[in-house]
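Below you'll find the structures, each written out as structure tokens.
Below are two complexes that have chain A in common, paired first with chain B and then with chain C.
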Partner chain A sequence: MRDRYGAQDERSWKLRFHTQTAGCSLTWQQPYNNVIRTAVQAMAAVLGGTQSLHTNSLDEAYALPSEHAVTLALRTQQVIAHESGVTATPDPLGGSYFVEWLTDEVERQAWEYIHRIDAMGGMIPAIEQSFPQREIADASFRFQKQVESGEAVIVGVNRFQSEEGERIELLQVDESAASRQRQKLASLRARRDAQRVAECLEALRCAAREDRNTMPLLIAAVKAYVTVGEICEAFRDVYGAWTETSVI
Partner chain B sequence: MPTPIRVLVAKPGLDGHDRGAKVIARALRDAGMEVIYTGLRQTPEMIVNAALQEDVQVIGLSILSGAHNAIVPRVMELLRQKHMNDVVVVVGGIIPDEDAEELKKKHGVAAVYQPGAPLEAIVAFLRSSVHQPA
Partner chain C sequence: MTVNDNSQVYNGTMTAMKRSADANTMRQVSTLSGIPVKTVYTSEDAAGTLPEPGEFPYTRGIHRTMYQGRLWTMRQFSGFATPEETNARYRYLLSQGQTGLSVAFDLPTLMGVDSDHPTAEGEVGKCGVAISSLEDMETLFDGIPLGDVTVSMTINSPAPVLFAMYLAVAEKQGADWGRISGTLQNDMLKEYIAQKEYLYPPRPSMKLVTDVIEFAARHVPKFNPVSISGYHIREAGSTAVQELAFTLRDGIEYADWALARGLSIDEFAPRLSFFFNSHNDFF
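Coming up: the complex of A and B.
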């Protein structure tokens, strides 16, 4: 941040990061295993010094998470925070030969990517050339092949399967939710100051066109009950929308 | 040499999870089929139009948003309206067993693939269910 972008504020030089456990590791088969996977991943994140952590719910391979599943995901963090003892030391794995080597290796490979992307002219040209999309698609296809050949073991999926399916309770989204939301939105639109909404949106479009900081205007807009949809539409008016070239 | 099977892999609705759709698309292509992938956020109308223009024999719908009971019947209805009943429609994604049965029995979907479906089984099914012109 300092060397490449000339950031002045010391706080912006620090690596502060959020971690979310891996959605793609959640399986539909034997869903309770997902609690264990998430716990292992969350523990790794804490050992790695994350500042912020999201633990996935066990039912996310099925549906939007239920209240019960979300609570269990939160309890996973609480057990790590209050019972495991890992939070008593700032860097419990500091000095571990393997972990230090792994960190260096991740850094080296990340730099390799950064150099490749720089050589393409930056991230936007790289996306336009479908580079990151292809890397992701290649990796997921490779992984699927490894799962099917048994080279990658996924407990409950290609090893240690059970005959009996585990049934879990899923969140049911009531079909009337959509019409309720439409009504709420209509009544909000009737109540709010329409003149003020129009001004906020025009100010946003104007700042976007002139490439100015839109953040203060965004805050003013949401305070005036401008909806997220309307804000996005204002940006689309100025910038247009990106349609991805599909690569397979 | 038979002409390759033509497949449209489509992502209807609002969910952006197309990892599976792309994996399937590539597996079908590797199996020698001609595969067109629509990209995200397609409406049933867009999908059926693309299927018509690309003259495909198979449509694969990938849905992970839970909206399959709204989207799939609409696609089937549009296909009937356009006299494209011979197109084989398969659905993949997070589809509960009860819904999968209903989609097959009531709406004429040829197969529903849930998580864990092997790529080879999908390839084999499409090969056996598409009638190739001699």
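Coming up: the complex of A and C.
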């Protein structure tokens, strides 16, 4: 921000970030292991200086978290914050030979990618040529191979498996939720001013065509109870849809 | 004992020795992201001097005192079934000491489809809360003062619509747009790169993202209009380097578009926020 864009405000130079522990690291097998994984990952996020954190619940490989599981995930953060001592001083790992070397190495490799994408004319041409998509697919394939060969260990999955399954209680989403939503929506569609809805949608199509900022019209439209689906449909009328070719 | 038996013992010992030698060479020699790791690191590997915490380029954190000054926000992503049920969960989480809300929307909402549309069948309220109209949004935040709580919303293609609803609810609650704070994910580039929940081609999507950035910079200055996300890139199987590089390059793209819109860099850059993944490899 400072060097590329000449930003003056110090707040522009700072990268504020939220972190979530890795959903893809959670396993179906031995679900309580996920509590440990999440705690380790959360600790790493805190040592990395995050401004905000979501810790995954142990049951998220199965379903949306139950109240019990989400409370345990929140407690994990509270233990790190109030008991572990890692918050006592800023960047307690600062100066670690390995951490500082790895930071520099990751930065160097990231710059290589950024320069390559700059050379392609920016991220949109890169996406149109499937460049980032292909790089990710290759990395994902390499990791999958390592898991299959046992070179990458996943506890409880490709090593230290156990015969007996652990049982956890899962959140049951009430099956009537969908029909209640449909009824509310039907009643809303009957009550609202249909003329006003049509006007709002036409105004949005015009703004999309004329390249004006759509936000003021969106606020007016939602206040007239135009729905998410109707608005997205109106934009699709103007912009068309997008499909991409598979990179695999 | 026969000669034959002896040779078996001998062979057994050799196999054990070979295995232990393998164990030494088979130790993890690279990070989860494939960066080779040496046996030992010394002062020669980290020769440069570090800035103080809170000093550019913020290698040691963006604040001088970091968590001594203020802890991070504990923000559990949640949402399920109807707005009524999710509203009850939010009230519970706030009562348990959670310090911010994070809305998970169901798949139809993420794809810009109403709950009563045929393609929504079977997915309503499954992976998050179903929001189709302002009425749903009012129920979702009923009794939750948007002037005091920060709310993060994980929504991308229909993000401008949900942001409009959020602002309308805040207004009805009497909360000043100048004071409300939170984060809209609104990161379309990573949808094309990794998550694949897009509706329109990349350029119109970028225009809508920029509409939100511009509007927020002028009217909702404490709201983060985009959360530039590496999380989904990593979830799609990338390395940590790819996650970082593609996310930062996405940030450059948003900045270029906002500048082309006529905003000055310091009008919007302080409110660009990021979202990363913390995976198993501790470092």
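Convention: the second predicted complex is superposed on the first by the 188 of 248 C-alpha atoms of A that agree within 3 Å, B and C clash if a C-alpha of one lies under 4 Å from a C-alpha of the other, contacts with A are read in each partner's own complex, and residues count from 1 in each chain.
The working rule: contacts are C-beta pairs under 8 Å (C-beta built on N, C-alpha and C of every residue); 3 or more make two chains touch, one makes a residue touch a chain.
Everything numeric in this text was worked out from a predicted model, so none of it was measured.
*Asks:* For A:129, decide between first (touching chain B), second (touching chain C), both and neither.
*Replies:* Touch partners of A:129: none, neither chain B nor chain C.
*Asks:* Quick one: is A:137 in contact with chain B, with chain C, with both, or with neither? Answer first, second, both or neither.
*Replies:* Once the two structures are laid over each other on A, A:137 reaches both partners.
*Asks:* In the overlay, work out which of chain B or chain C sits against more residues of chain A.
*Replies:* Partner touching more chain A residues in the overlay: C.
*Asks:* Taking the superposition on A as described, I'd like to know which of chain B and chain C A:84 touches: first, second, both or neither.
*Replies:* In the superposition, A:84 touches no partner, neither chain B nor chain C.
*Asks:* Contacts for A:61 in the overlay, against chain B (first) and chain C (second): which applies, first, second, both or neither?
*Replies:* first
*Asks:* Touch test for A:24: chain B only (first), chain C only (second), both, or neither?
*Replies:* Touch status of A:24: both partners.
*Asks:* If you stack the two complexes on chain A, which partner ends up touching A:94: first (chain B), second (chain C), both, or neither?
*Replies:* second
*Asks:* In the superposed arrangement, does A:244 touch chain B (first), chain C (second), both or neither?
*Replies:* A:244: touches chain B and chain C.
*Asks:* Per the contact definition in the header, classify A:148: touching chain B only (first), chain C only (second), both, or neither.
*Replies:* In the superposition, A:148 contacts chain B only.
*Asks:* Based on the superposed arrangement, let me know which partner A:173 touches: chain B (first), chain C (second), both, or neither?
*Replies:* It touches chain B and chain C both.
*Asks:* Which chain A residues are contacted by chain C in one complex and by chain B in the other?
*Replies:* Common interface on chain A, chain B vs chain C: 24, 64, 136-137, 140-141, 144, 173, 244.
*Asks:* Within their complex, state which residues of chain B touch chain A.
*Replies:* Where chain B meets chain A, its residues are 9, 19, 22-23, 25-27, 29, 35, 37-40, 66, 94, 114-116, 118-120.
*Asks:* Per the contact definition, I'd like the list of chain A residues that touch chain B in the complex.
*Replies:* Interface residues on chain A, with respect to chain B: 24, 27-29, 61-64, 136-137, 140-141, 144, 148, 157, 173, 243-244, 246-248.
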